[in-house]
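First subunit A sits with subunit B, and in the next complex the same chain sits with subunit C.
After this line comes the complex of A and B, so read on.
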């Protein structure tokens, strides 16, 4: 059985999660409200131009207006508008996607979501682990040539956004060394076949690589190295060193353990940025995730789908951050025993 | 009087640039070179805005300035596009940093000084903005505002997601300053809150504010490129983002049109690098503990 204060902590964290999602949607609502242009008229004019829909059926046009008015929270009294807007965003019920008629927005998103989640989880965890370990190890050999080279590399890599580096990778691997195909992938129908795994692997390697290199050798390396250097200058570390503890022990018990906690916090704060970067990376590599879907939706003027992805990402990032915070007690004994 | 102090502080800092470290100098030099390149855009010939004015996909040659970097698939000079792109991207960056950083500054100082309910409300708002993943929100806004988009508006859109970070940091600094003896002394000697903010607190925040402005510029340039990937930047204008948008649109990478691909991407990377170096340079200057002793 969990101790009482832990249950309290969990409940409080989940309460914060709900409050965050609620406030985020409220902010979105307010921002949409103060837009200086007539959103619905613009959308319908554009989607008619794109799809070439006939103006013949006034009933259909009227229904379209109604749906959009409701989606953007422009129908009824202010309270009604707000409630229906929140309702649509929380349930992601944005009706039928223009791009993938007759599928609903929910169906389209849920089909693409696993791809994005797989890429994100895989590349984020890997870059976080690699970056932190390299940073800590290198700090043990401070002043050596390797550490200087890595640090200069990190300073160059860190400010570059994921997608700019992705372009460089595409140029290298798509043109100079054509190892990976950049054509849109077609999945074999049998999920449990070897072919399926190979296809997924081929699709995922390059986008993941572009995120991992920038993430691991950029920010995670720089921050973990800075923290490790701080710890090395502390007395307890010096004492450990004088006692003649092996380097591996110092690394595991003294450095990594102390770096871990602030880095987890940093990870959960940066999740939104990483998520956005991954979306753009997907577009460049034709990866069949949410990012590519977003790109197609924007180009087709598919507002329901775009709003669906926006609400999906707000909920997704908030939940992921919450899960990370819930895992905190596993790592930090100060929260576990109190 | 407070304003005079601030101006004095600024001048003192500018004079001190001679003592700045290597990072700052390297960054400032790269940035300066890019700026000079951007300033060439004022010489842009009038025919630059037309498509297919030049032969399509012409590799670089030295026959005239227009062909120095070759031409694009839609028959435009890469050289003039690049110079214009630098200026336009920097305009977006400056608009964003001026808006976002100053909103952050005001909210941060106010909630740090006032405390209590105002602080709680403002910080709750800030935290909620931080919790919203920035890119999807900007994409939604850019898509809706597409019919009336311009450089300034694009800056405003990007500001919406950039200000909370500065507000949080400024508040943290203000909170630590509020407990310092000289602020308490000023308060007891009957100084008004505004005067305390301007003459006692603001000068100490100035350094952070400067690095913050540069970092926000960095973020804004990146965000514009991100939006442009989706075709949501100002497509009819040259920015670093839209240049990459057209590169992608025409598959220039796969056709190996390196003269079109390399300039914007290299400029982008150099710009990021130089701004980052300048901001770390300022940070090291302000906080000598960050300087590594050789």
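After this line comes the complex of A and C, so read on.
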């Protein structure tokens, strides 16, 4: 049986989770509504731009506006629309995407979500693991050649925006040494075949590299190293060293454990945000993720699609944070016994 | 000491790393390794059987969020990014040959036949055509298409278009359709003629036997599409990055007309950016795309097989786009309601700077254009040269740079007509004539002392808006005008808020026919009502009307200025005459000239240029791309008439082929006829005698050549797109995580 204070803690966190999601949704909805974008105008104006005067008589066009507002569910007062979208949010049925009509929001997201999740979960976790381990290890050997080289690399790579690094990768591996074709891929139907793995690898390697290298050797490396150096200067670590504890033991029990708490929090938030996609990576590598979809939807004013993607992101971040809060008692005894 | 040394060492490491990185990036091109194409095609298909094309500038990212949406008439459906649907699958009743303005009889056996009052149109369909699924194509399909659009208002655009024009439709026999129009309209056949893009410019017939079974038309995606063109879809990428089409071996065009396209497969890709297109074409993974002026030089350098408009010679630019680029004034706002101000701003622009800014290394650039009329045959001869005397009155530059004149000559254009003279004195004089004055800071002031501000807006990424709007803003600023340039994503909303002063738009242009194009129809004052394209044409229809006649939506947002337009009535009369005169009637020429003269006099828009587009074909695997000297088709990948470019191709011997034919398709000459619709007193099946055949004006242009090609489509693919219940999946994942966390905690607690 869980202690009462922990049950209270869990319930409180879940309550916070729900309140966060609700507030974030409301803010998103309000922002979308006050944006000066009207998708009906967008659709009709674009059609008008290409059709010339052949569009029809003005009265008929006026009728068309009415019809579009009706079928896109954009009629009604602000409150009515809010309630309608809230209802959709609660049932996780965002209806039909205006841009991709008649496809549903779920359908459209489902085409791209696997790509985004595969790329960002993989690259985020990998860069986190590599960055933290290298950061901690290097701090143990501060002043060594390896430490200096890694530090130099990090100093160079960290300020480079990842999209610049992405361009470099495209140039080197797409053109000079064309190991990776830049044409879009075709996934084999058998997902357990070697061909499938190779194809996915071919599609994901460069975009993943652009995120992993900058992420691992950039922020994760630098932050974990900085924290590790702080810990090394602490009395308890010095005491461990004086006791003659092996380096590996110091690394596992003294260093990594203390680094992990803030780093896991950062990781969880990073993982939560993957539902927003990686816009620039997607554009540069022509990668079919949620970032470009969200960008298209925002620009066009496709409320259902924007709310669909943003809601996933809201839920992702909020749930990830909540889970981390729930897991803290496992990692940090101070919380468990508070 | 040691610390200093460490510091130095770190700097040395940083320098060495930087050096290595730079060295890698500057490896000379000679070290470039040739890539093996890795195209998204099924295994076993040789490269030479696949024509890889891209709609690089108009649609770089691929078609929208749902790549399986192939229903033309679905609300919100875009046009240019169709993944080859309209080019390979959709077939219009007629194509317009964009090199000559002639009509290509496609699904029809004859040109359109009008009744003498132009209230009835008879369409005679070709016999023996079948859909890609083998079902015969008949009058029932055409009638069904019209009735389908009429029946469902929720289809929006297609419903509006049909209900606006069509009174009734009926079948005279299996291959003859009679369309009764609401108003006399000798232009109605354009609705069914492919001139530009495809839908929503022109209608496509949909298969009755497929659509009549659909329960909810507004939810129907039409995938896989059943087609009338020569290709059927094989597969589509769920994320819309590519579409693979396969040639129909039993296509009606092959059986009836002997037309067989050479490429066995068409791979339509979206590479996402110009950089990627350059690399793909350099690696011979791409056969055709459009490049921007910044990138065409790179591809011409990197791939010796890349062919631009004049192969590898000057000029690379293809300048026959149907649209011109304009700066449109909001003439309902003060001071842009004043003709003097509009002309002053025109004279403050130096077109030579714009020409140079768009120039590519070969010398190609945009085509300076003083009128909203495309500069190609016959519009160039009829209206640009035809209005030379008129243009001279408005300070046309009589001493343009010789390199611009040379360029115009190579393109077969009138080298005496470039643009208006950059005349700041004249501009100053015009502004002063309406009470403006310069302040001590050199900036222009309105008569009431306020600074003269211009809010110039543009859509980001709008073709050819960059660097034009920046140059113009800069030149106006130098002239003393306070310009606020806004390049905004919410462009269309801004345009329809009416609050801007000058907008970068493209309402001008034209097709190679006497009637120029339909834009003057909108200029009539009866169109100054809600729902009309008011801002798109710069409110010409409202000019000269009292403020209370301006739609409330406009008046609500801006303070409508008083406009003086003595030619209002004349313009309305001309528009009425234009609408009543058939597009093939020689009398239309004078009407259009008069319309353009009024437009010129009042300078409603500043037409700046006809764009220069860089359509590049890679002749490594496929040869026969249309060029300046071999102009058998217009290479416009965003138009469904791009099919004719494909029909002119044949494989080179450099890439292995298996099933592609070795010769280009042969198109019977008889399919192309003069744009000379027939006029008859009776339906063709009752009395086939045609009583009137109006004559055409014939203008001979020496280097104009026409080689017409033809074909159609058929498609069949059945593939269910798997969808995932993400709600359930996410919920289950969350529950599992929470249970796992709680379990872990309990185990740990027990251990303790």
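Just so we're on the same page, the second predicted complex is superposed on the first by the 210 of 338 C-alpha atoms of A that agree within 3 Å, B and C clash if a C-alpha of one lies under 4 Å from a C-alpha of the other, contacts with A are read in each partner's own complex, and residues count from 1 in each chain.
Convention: contacts are C-beta pairs under 8 Å (C-beta built on N, C-alpha and C of every residue); 3 or more make two chains touch, one makes a residue touch a chain.
Every value quoted in this text rests on a predicted model; they were computed, and no experiment measured them.
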Task = Could you say whether A:261 touches subunit B, subunit C, both of them, or neither, answering first, second, both or neither?
result = neither
Task = Have a look at where A:232 lands relative to subunit B and subunit C in the superposition and call it first, second, both or neither.
result = neither
Query = Can A:168 be said to touch subunit B (first), subunit C (second), both, or neither?
reply = both
Ask   = In the superposed arrangement, does A:200 touch subunit B (first), subunit C (second), both or neither?
value = neither
Ask   = Thinking of the overlay built on chain A, is A:63 touched by subunit B (first), by subunit C (second), by both, or by neither?
value = second
Query = Which partner does A:299 contact after superposing on A: first (subunit B), second (subunit C), both, neither?
reply = both
Ask   = Once the shared chain is lined up, is A:42 touching subunit B (first), subunit C (second), both, or neither of them?
value = both
Task = Look at A:245 in the shared chain and tell me whether it touches subunit B only, subunit C only, both, or neither; answer first, second, both or neither.
result = neither
Key: subunit A residues touched by each partner, larger count belonging to subunit B or subunit C   = C
Message = I'd like to know which partner A:318 touches here: subunit B for first, subunit C for second, both or neither.
response = first
Ask   = Once the two structures are fitted together, what part of subunit A is touched by subunit B and by subunit C alike?
value = 35-37, 42, 155-156, 167-168, 170-171, 174-175, 182, 283-284, 299
Query = Tell me, which parts of subunit B touch subunit A in their complex?
reply = 124-125, 127-137, 139-141, 143-145, 147-148, 160, 218, 222, 225-226, 229-232, 244, 248, 253-254, 256, 261, 265, 268-269, 272-273, 275-277, 280
Task = Over in the complex, which subunit C residues touch subunit A? Could you list them?
result = 6, 9-10, 13-14, 16-18, 21, 24-25, 27, 31-35, 37-42, 52, 61, 64-69, 71, 74-76, 78-80, 153-154, 156-157, 159-161, 163-165, 190-191, 196-197, 200-201, 218-221, 235, 237-242, 244, 269-273, 275-276, 279-280, 282-283, 285-286, 489-490, 492-497, 505-506, 517-519, 521-522, 527, 529-533, 536, 721, 723-727, 730, 734, 737-738, 741-742, 744-746, 748
Remark   = Given the complex, residues on subunit A that touch subunit B span 20, 23-24, 27-28, 31-32, 35-37, 39, 42, 155-156, 158-161, 163-164, 167-168, 170-171, 174-175, 182, 269, 271-273, 275-277, 279-280, 283-284, 294-295, 298-299, 303, 306-307, 309-310, 313-314, 317-318, 321
Inquiry  = Could you list, by residue number, the parts of subunit A that touch subunit C in their complex?
reply    = 2, 35-38, 41-43, 45-65, 67-68, 71, 92-93, 97-103, 106-113, 115, 143, 148-149, 151-153, 155-156, 167-168, 170-172, 174-178, 181-186, 202, 283-286, 288, 292-293, 296-297, 299, 305, 312, 315, 319, 323, 326-327, 329-330
